[in-house]
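For reference, the structure I am asking about is given below.
Lettered A, B and C in written order, each chain numbered from 1.
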Amino acid sequence: MVWLDNKDVVWYKKKGVPKLLAGAVIVGLIVLIVLLSIVWTPYDPNLPNVSDRLLPPLSTGHNGQSYYLLGTDQLGRDNLSRVMAGGQVSVLIAFLAVLLSVVMGAVLGVMCGYFGKTLDNIVGMFVEIQHSIPMLLIIVMVLTLFGSSTVVLAVGLSLSEWLSIFRQTRAKTLVERKKDYTLAARVMGAGDGWIVFRHLIPNVMASIIVYGTLLIGTTILAEAGLSFLGLGVQRPYATWGRMISDGQTYMATGWWVSVFPALAVALLVIGVNFLGDGLRAKLKME
Amino acid sequence: MEEVSKRVETVNLIVRRLFRGILTIVLTVIIVFTLIRSVPGDPAVIMAGSDATPEQIEQIRVSWGLNESKPKQFWIYVKGLLQGNMGYSFQYITTSVRSVKVIDLIMERLPRTLLLAAMTVVFSVLVAVPLGVITALKPGSAFDNFVTTVSLAITSFPNFFVGMVMITVFALKLGWLPTGGYGSFKAMILPTIALSLRFIASLQRVTRTEVGMVLNSDYIMTAQSKGLSHPVVLFRHALRNVLIPVITLIGMRMGGLITGAVYVETLFRYNGIGMLMINAVNARDFPTIQALVPYAACVFILINIVIDVLYSIADPRVRVK
Amino acid sequence: MQEKQAIKSSPLLEVSHLAVHFPVNGKGLFKRQVGSVRAVEDVSFSISHGETFGLVGESGCGKTTLGHAILQLHDLVGGKVLFDGQDLGKLSKKELRTARKDIQLIFQDPYSSLDQRMTVEQIVGEPFMIHKTCGKKERREKVLELLDVVGMPSYTLDRYASEFSGGQRQRIGIARALALRPKFIICDEPVSALDVSIQSQVLNLIMDLQKEFNLTYLFIAHGLSVVKHVSDNIGVMYLGRLVEISAKKQLYANPLHPYTEALLSAAPIPDPTVERSRIVLRGDVPSPIKMRTGCSFKFRCKYAEEMGDICKEKLPELVEIMEGHHVACHRYDGQAGNHLGKV
């Protein structure tokens, strides 16, 4: 960009690869901690302990032995354990939903971008229609009707998000398709399948990875939102969104109940964004 | 022959959009109908709710034609939608003396949400565009970095959490503003700000990029060399170019606004469509749900069409397919 | 010149009345086709074994489209392409695939014609992979051979295409084109995108390869200077039509068509309307294609005025005026009353 003066170019350069590393570290740490929580948490995240209700962070329990790093919630459950365990559902659903979105969006994106004509027109029509429908309302309806299982949540979220992947992939495919190397392959005798799998997909992959990664952040926020509305995975499983919502009443007296899950969400989103941006910078530079 | 008049093209556009809009609504209606009817169990019981009397269940069965064939049911549904007769809401059967008509509920709440949305758009533009301009004038400055960092931070948190923080700080701790509800202008301040946050973040970013590009274009440098003073150059040429991306962004973010409204209304107890939807969902109030979704979609689509038309009028170079 | 005499008597490539049109869609509600761009119109010529046929014309005249059409990359609106006696348009998919081994293409843009994500070995080896001609080891050897032929060192095998300069990329592209030992190669402006200092190197390579591998070339260029050294015969294209065909010496010594004259003298031609004049609109005429009347060069021809109405009304046909020298111009075909004839 012409308009960045020298000072800016240096500033921008600094954010290239370090961003990727920072993002990877943050995401990696969070995922590791969440995975850890499957086998171990300091205390049982679902076990109430009324005598230790609403203790602030860094406090000791009434029995003089329990140590609550992040405090306790309104039922006396250890906040740290709940934050750790709460990530299980959120992270799982986010990854699942993004995976589904990417598969759907990328496959259709490449096919529409490459074959064009009728397929593109038909799919394009559905895409435009879906774009015009406020998906949240539909998702909310579906969740109400069919229950909030992990699968329904993942499928619902992916259905509302696959459009962005589709659009990006299709656009990139259209660009690559015009390049001469596809023509060269055809002149050599290659069929459609060869061109799509051997040339187009590898060249489009970078873009898919970047947008897929960034989509994780959006999905985490969406899942948290649904949980907040009461439509996420049901009790007693902890999920970040519901923890935030439960803590709403105690914001003045026990801010830690909501703040730490919110922080977890925010950190993951920031990490994912750094990762995605870093990947974008690294992959495009080739 | 290639220069079709602008008016014809605009009419063309409106017709195409309306056509597609109608198609979308039809599809939405079909989806809603299918979804509700595909839940296992007796639809009448499901719709009537768990604590309905047998007479109420039977009434539901009759009025929605649940004994009849699916196509007939669909026709009753569609007729109801078109006539505005969607039965009675179940949320209020036990709490109020007379049952509340679904359509009344919706008509009561809809303007409130629209008002909130309008205020959000206005507020966002008023805040984001100047911010974007200022940061474009001094890229890389401390202020610019500050804005970027704050934007990133705020949008990384769930929007309802930020709202919660705002309530705690401004309403509970400081007592400046009410915690929510509908009624006074004061009550709308926090919800508007909460809903605006994400919008401001993206709008500011886009404005910054656009203004930056214009500022450095040869076109502007020529104008500057002619001796026009800085502010004149800026305001006349740059802002005109910014208008199109801004409208584009508003168009793209309409969906986000509706989605955000659901959260914000629920959080602030602002009695608009969003809160109505959530309440209906929690209370299993199907008559409301199956009316609300198509109507909301309608409004949404209409707004999109208006924006598309405005967009094509604003930029004669753009041919929206 | 003597070495390049035709080995066989029948031509390797015979193009007759080739036409390629692209539809133009309207902006109406249903986007009906309102007309077509006549990229290639009634083109006929032939190329003998071992010959280099130069095809010249300005940007947009349809020469690249013609090349692609010969390769069956476009649907032909009319005409046919006979390659080695076979009508390419009538081949089945399988047969065409086999026939493709004999006709290859060297591209103009060295950057987009190589897949950035592939190594040199993968790029040059791709033809072998597509046709499954040999195993991995044998393929590698063949690729090394080809690289050697084009003057690329063997250590470049594992490098990515993005690491090379324009000239080197063209060499890679040439190696790829040679892989399956084709008989015929269409060189689509192979040096236009290269630095002037590199151009002659690559051109010489292309010419050396012709002798070594017994190749026949269709050499497409946009200027007569490039084509001068390499061609045996030259065809001049204007707005999708061939306006003059001649042996090289004849063309430079005695250009007949006014457009050729202009190209040779490099006289600037004022031309604000090229794009628009190519698109033929259907309008309200019931016939499927509304023909433009008269010669397509009439707007820019310096003889148009003195020739009178004939040039505006009648389309000149390509006529053989002298042996091997064809031209489409009313000044020579005896159609006009005042026959100026430079024969």
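As a working rule, contacts are C-beta pairs under 8 Å (C-beta built on N, C-alpha and C of every residue); 3 or more make two chains touch, one makes a residue touch a chain.
Worth saying up front: this structure is predicted, and the values here are computed from it rather than measured.
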item	value
Most central chain, judged by mean C-alpha position against the global CA mean	A
Chain at maximum distance from subunit C, centres defined as averaged CA atoms	B
Separation of subunit A from subunit B, taking each centre as the mean of its C-alpha atoms, in whole Å	23
Distance from the mean Cα position of subunit C to that of subunit B, given in whole angstrom	56
Centroid spacing, where centroids are CA-atom means, of subunit A and subunit C in whole angstrom	51
In the complex, subunit C residues that touch subunit A	68, 71, 73, 97-98, 100-101, 103-105, 107-109, 112-117, 126-127, 130-131, 162, 173, 176, 180
Residues on subunit A engaged by subunit B in the complex (per definition of touch)	1-5, 7-8, 11, 125, 128-129, 131-138, 140-142, 144-146, 217, 221, 224-225, 228-231, 241, 244-245, 248, 251-252, 255, 258, 262, 265-267, 269-270, 273
Contact set on subunit B toward subunit A in their complex	20-21, 23-24, 27-28, 31-32, 35-36, 38-39, 139-140, 152-153, 156-161, 164-165, 167-168, 172-173, 212-213, 215-216, 255, 258-259, 262-263, 266-267, 277-278, 281-282, 284, 289, 292-293, 296-297, 300-301, 304
Subunit C partner contacts - residues on subunit A that touch it in the complex	179-181, 183-191, 194, 199, 202-203, 286
